[in-house]
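Here the chain labels run A, B, C and D in written order, and each chain numbers its own residues starting at 1.
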Amino acid sequence: MRPAVSIVGGSGYLGGELARLLLFHPGVDLKQVASRRLTGRPLHSAHPNLRGLTDLRFCEPDQLDPCDLLFLALPHGLAAGRIETYAALAQRLVDCSADFRLRDPESYRRWYGQAHPAPDWLPRFVYGLPERHRQELRGARFVSGVGCNATAVNLALAPLADAGWLERAVADLKAGSSQAGAVARPGSHHPERSGAVRVYSPTTHRHLAEVEAELGLLPVHMTVTAIEMVRGVHLTAHCFPSPQAAVEDLRQVWELYRQQYAREPFIRLLGGRGLYRYPEPKILAGSNYCDIAFALDAGGRRVVVMAALDNLMKGGAGSAVQAMNLMLGLEETAGLRFPGLHPL
Amino acid sequence: MRPAVSIVGGSGYLGGELARLLLFHPGVDLKQVASRRLTGRPLHSAHPNLRGLTDLRFCEPDQLDPCDLLFLALPHGLAAGRIETYAALAQRLVDCSADFRLRDPESYRRWYGQAHPAPDWLPRFVYGLPERHRQELRGARFVSGVGCNATAVNLALAPLADAGWLERAVADLKAGSSQAGAVARPGSHHPERSGAVRVYSPTTHRHLAEVEAELGLLPVHMTVTAIEMVRGVHLTAHCFPSPQAAVEDLRQVWELYRQQYAREPFIRLLGGRGLYRYPEPKILAGSNYCDIAFALDAGGRRVVVMAALDNLMKGGAGSAVQAMNLMLGLEETAGLRFPGLHPL
Amino acid sequence: MRPAVSIVGGSGYLGGELARLLLFHPGVDLKQVASRRLTGRPLHSAHPNLRGLTDLRFCEPDQLDPCDLLFLALPHGLAAGRIETYAALAQRLVDCSADFRLRDPESYRRWYGQAHPAPDWLPRFVYGLPERHRQELRGARFVSGVGCNATAVNLALAPLADAGWLERAVADLKAGSSQAGAVARPGSHHPERSGAVRVYSPTTHRHLAEVEAELGLLPVHMTVTAIEMVRGVHLTAHCFPSPQAAVEDLRQVWELYRQQYAREPFIRLLGGRGLYRYPEPKILAGSNYCDIAFALDAGGRRVVVMAALDNLMKGGAGSAVQAMNLMLGLEETAGLRFPGLHPL
Amino acid sequence: MRPAVSIVGGSGYLGGELARLLLFHPGVDLKQVASRRLTGRPLHSAHPNLRGLTDLRFCEPDQLDPCDLLFLALPHGLAAGRIETYAALAQRLVDCSADFRLRDPESYRRWYGQAHPAPDWLPRFVYGLPERHRQELRGARFVSGVGCNATAVNLALAPLADAGWLERAVADLKAGSSQAGAVARPGSHHPERSGAVRVYSPTTHRHLAEVEAELGLLPVHMTVTAIEMVRGVHLTAHCFPSPQAAVEDLRQVWELYRQQYAREPFIRLLGGRGLYRYPEPKILAGSNYCDIAFALDAGGRRVVVMAALDNLMKGGAGSAVQAMNLMLGLEETAGLRFPGLHPL
C-alpha cells in the first residue's frame, strides 16, 4: 500500500506546490489538505491550476486523520507551537516553515528575536537539503524544509566553503514576488511591485542563519533585491578566495564543483556558450533543478558563482518532496522530473 | 496673480498625477493637497516621483483654505455627499470621481444602483471632455472628470456615432492595473496580477453610462480585460456601420475623423507603416494624447477603430487639467505637453 | 517495442516543446531530432530546459532514419515541398505547419495567395484537433497540426456554431510573443515588444481559414493583438446569437457546452467565483488544457465566450502529441498531464 | 538668437532621447537630425513618441549645416574616425559614444583592445559628468558623454572614494534592455529576453575604465545582470571601508554624501520609510535624477550603497544635455525637469 500523506496549511503557495507534486507523485497518495480559512472549498479555489484534477476539498486542521507523513506548510511560528499535536498524527513530519531549520536554540533566539517555543524538538529535526544531509534524511522522522535564498547560497558556496577556499563572499540575490507569500500587502500591489528593483533586505536576512548553520561562520554578506519576477531566485555570489586556495584557473573551480555535485540529480553545472550559459530562473519554473555556473576575475581575485532555482520548488516544496522520497525510501527523484519550460 | 488651486483626496494615483501636473504648470500655483490618512507627511510619501520637488505636506481636508479652483480626487461617492462644503471653498470645482459624470439622476440610479445624494447638483456640472464640451468648459464653474475607459470609447466612436454611421459596436478594452486604484487587494497581489489576462467586466461596465450620455443609446457592447500593464487603456472597437454609411474605403473613415479631430491638440490619427502604426498605450505614459487608427474589413462590413491613452492622463488627471485650463482661460495645452517616452 | 518517433525542424519553439513532451512520454521513444542549422549540437543548445535530460544531438534532416512517426515542425511552406520525402521515412506523419491544415486547394490559394505545391496530399490529411476529429485521428497516417488562434476560436465557438445558434461573432484574441517563432525581428526586440499592446492583424488572419474549415462560413470577425506575454492565447468571442436560439439564460449556454465537452480530457468549463473564474493563459503554460467560460449580456443579446490555452501546447505541440496518441492507439492523455503552475 | 543644435546618429535610442529633450528645451533650437538609414523619413518613424511634435525629417549626415553645438550619437567607434569632419561643423561637440571617454590612449588600448584612431583628440575632451567636472564643462568645446553603468558607480562611490574610505567594492548592477541599443539581436528576442535574469558581464565591463578614470585604481569588482526592465540601471555597491574610515554609524556616511551632493540638482539622497526608501529605476524613467541611499552592516564591515538612474537620461542623453547647458552658459537644469512617473 502506498504511503498516505497530508498537508496542513494548504492554502499558501508552498501548500499549492506540495499539493500539485503529491497529486502526480507515483509513490504516495495525497489524502487530505487542511486549511482553516478555506475549509470545505475545493483545492482549486486557492490553486487554480489544479482544477479538474482532484475532488479533494480543504478540511479543518482538526479533522486531519492519521497519516504516514504530514507536511506542515504553515506561516512561520505556527508549527513550533503545535508540534506535539502534529507529531501525534503522523509517523513522519516535514515542516516547511522556518521553525525547525536551526539546530541551536541560541542561534534561533539571535536571528528570530525570541526564544524558541519548543527547543527540545530542534535536535530531532534534520535540515531538508538532500545535497548536504542525504544520509540523515533516509528514514528520518522529522525534517525541516529549507529557505529559498539560503538554498541558493548554500548550494552555490558549499564546494568553496568545504574546501576552505572561501575568505569572504557577497551574496547578491534577486527574488520574485511569490517569495513573500500569498497574502496581498501594500508592497505587493501590482502598480508598485511591477517593474520594481527593490532592495528589501540590504544587510541582514534571516536566511543567513541557515547559511551559517550549513557552511559555518564565514563572512557572507547577503543582500536581497525584489525584481520583476513571480517565481525564482537568482544568486550572484562574489567570492574572494583565501590565499591558500591559489585559484588561477576556472578549471580548478570546475573540478571542485564537479567532485561534489557530479552525481546530484538536481544540480546542473552550466558551461559552454549561448544565451543560457549562465543560470536563469525563468526556465526553472516548476522544476527542481538548481543551476550553477562560474566566472573568474583576471588574476583570480574573485570567483563569481551564479545560481538559480525556483523558490517554490528546489527552494521549498521540491526539496521537501525530495526529502520525503528519502524518508520513505522511494526513488529520490520521484515526482520531481518536470524539466521547466522554454520559452516562458 | 496666478490662480491658486488645491487638491482634496491627494493620496491616490489620480491625486498624484494632478499634483505632478500642477507643480509644473506654468499658469497656476498648487497651494494645498489634502489627505486625511497622510496628514502632515510630505507629498513624496505617497508619490515618490515628487521627492525633492516641493516642500508641500498633506493637510487635513478640514484645513483647506479657500482657493480659485479645487480638484476633488476622492473615491467614488464621497464628493457627492460633501459637495456643498467643497463648493463653498472654491469658485470652481473639478470632481474627478464618477459622482457628477451623468446629467440624469435616473441614469445614475440605473447604473449605480442607488439614488444620487445630490441630484440638484447634477445639471450644474459640465462633463470634462474638451473634445466634446469645449465651449461649455470655457469659464465653467463645476466640471466632472471623465472615466478612462469611457474616454477611449467616446473619442474613438464619436465621429462614427455623430455621423450616424454606427449600427453596433463591440468595444474590447485592455486595461492596466493602476485603473483599480492605489489600494492593495487580493486581485492586485503581484503574483496573481502579473501576467494576467483577466476579463473583469465581460458584459457590463459603469463607464457605459458615460458613453450613452455622450454618444446616445447605441448598441455598444463593452468588455474590459486586465492585462500586464500598469498605465494605459487600449481599445479595439469592432464597429458595424449602418447600411446608409456605405463604407467602402478606409479613406471615407479617415475623412470623417480628420474633419472632427484635425485641430484637436491631444488627438493623433495614426497612419503609415512601422511597428507603431496602430495606437500603443506604453508610449503614451505620462502624455495627454489619445492616439486613434483604423482598419477596414474586406467588403466594409467592419470598421476596426483602435485607440490608446494613459488612464491617469487623458483618461483622468490630464483631461481634468485640460478642463481647468479652459475654465480659467489659460492656454488649453498648458502643463500638458510631455510627449511620452520611447522606449519604455 | 515502443514506437520510435523523430522530429524534423527541431530548433524552433514548437520543435522544442515536441522534444520535451516526447522525452517524457511513457509510450514512445524519441529517436532523432533534425535541424540543419544546429546539426551536431546538443538539444539544449536551442532548448535550455532540456539540459541534462538527454544525450541527443541535432542531426541533419538527410540523416533521419526510418521511424514509426515523424513530426514536421518546419517553417510554413517547407513541408509541402518535400512531403514525398518525409512520407517515405515514416508510416505516419504529423505536420505542425500550416501546409496541410485545409482540405480545399482553392481555400488554400485564397488565404495563402498561391497554389498549393502538393494539392493531391491535402485530402489525405486529417486536421489534428481531437475534439473535432477524434474518430478520424485513430489510426490516421497523415495528420496536420493546428493553428493556435484557430484552436481557441474553434473550441470556443464550436458548440454555438454546431447548434446553429451563432449569427455573427467578433473574436478578439490576445497573443504572446512566442507565437511569432524563435527568430529575432525588429518587432520582437525587447525594448519594443515589452509592454506592447499591438494589434498586428486587425481584420484578416490566416487562421480564419481553419475556422471556416471547421465551423463553416460564419461571419466571424477576428482581430489579434500582441500583449505582454510569452506563452498563451486568450480569446474573448463576442457572439451574437441567432434569433431562433432564444438565449435567455446562461444555463442554456452551459448546457450546450457541457453536452459537447463534458467528457473531453483537455477542455475545462470554468464557473464559480474567485480571481480565476474566467480563463487565464498564464496558469496554462505547459499544460494541454483549453479553459472556457461564458457570460451573457442583459437581454441575451450577446454571449461572451472566453477561452485560453498555451499556444505551444493545446495550440501546437500538445494537440500534436494528443493526435499522435490517437494515431498510435495509445492513451489519449499520455505525456500530457502536466497541469500548469500557479503562481507564475 | 538661441543656439542651434543638431544630432548625428539620430535613429538610435540615445538619439531619440536627445531629440525629445531638445525639442522641448527652452534655450536651444533643434535644427537637424541626421541618420543615413532613415534619411527623408519623419523623426517619428524611429521615435513614435515624437509624432505630431515636429516636422523635422532625418537628413543625410553629409547634409548637416554648421551649427552651434553638434551631438554625436553614433555607434561606438564611428565618432573617433570622423572627428575632424564633425569638429569642422560646430563650435562645440558632445560625443555620446565611448570614443572619447578616456583621457589616456593607453587605457583605451587596454580596455578596447586596439589603438585609438585619434589619440590627439583625447585630451581635448572633458568627461561629461557635471557632478565631477562642472567647472571644466562651463564653456568647454569638446565633451564626452558618459557610460550608464559607469555613471551609477561613479556617482554612488565618489564620496567614499574621494574620502579615502573605500578599500574594496563589489558593484552589482541590474540593467534594462534598452542599454543594448535599438538593433534586434537573438538575445533581445522577446521570448528569450522577457523575464530574464541574465548575467552578461560577470567579471569585466568596459565601463570600469570610466570608473578607474574618475575614482582611481580601486579594486572595484563589477557585474552586470540584465533583468526584466526596458529603461534603468540599478546598482547595489557592497563597499568594504578602509580601517582608517572607522565607519560605525550610518550618519557618518550620510554626512559624507550630504557634503558632496547637497547642492546637486540631480542627485537625491533617499532616507526615511516606505516602499520607495531605496532607489528604484522605474520611477526615474524619463527623469535626470540619480537616486542614492545607504545601509550599514552590523559592525560597519560593509556599507551598502544603492543607486538608480535612467540609462538613457542621467546615464546618457540627460547628462549630455546637462553638459550642453553648462557649455552654452544656460541654466544647468533647463529642459531636464521632468520628474518621472508614478505609478509606472
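Heads up, the rule we're going with is that a residue touches a chain if its C-beta (ideal position, glycine included) is under 8 Å from a C-beta of that chain, and two chains touch if they have at least 3 such contacts.
This one's a predicted model, so the numbers in the text were calculated from it and none came from an experiment.
Seen from the Cα centre of chain A, the chain whose own Cα centre is farthest off is B. Chain D is reached from chain B by a rotation of 180°, derived from superposing Cα atoms (nearest 5).
Here the CA centre of chain A is 35 Å from the CA centre of chain C. Rounded to whole angstrom units, the spacing between the C-alpha centres of chain C and chain D is 46. Counting partner chains per residue, chain D has residues 13, 178, 182, 186, 191, 195, 228, 230, 275, 280, 343-344 touching two or more of them. Touching chain D in their complex are the following residues of chain C: 13, 176-178, 182-186, 188-191, 193-195, 228, 230.
Every residue of chain D that touches chain B in the complex is listed here, in rising order: 13, 16, 20, 24, 44-45, 47-53, 178, 182, 230-231, 268, 270, 272, 274-276, 280, 283, 285-287, 289, 291, 337-344. Per the touch definition, chain D reaches chain A in the complex via residues 170, 172, 174, 186-187, 191-192, 195-199, 202-204, 219, 221, 223, 225, 227-229, 232, 234, 236, 238, 275, 278, 280-282, 295-298, 301-302, 304, 306, 308, 343-344.
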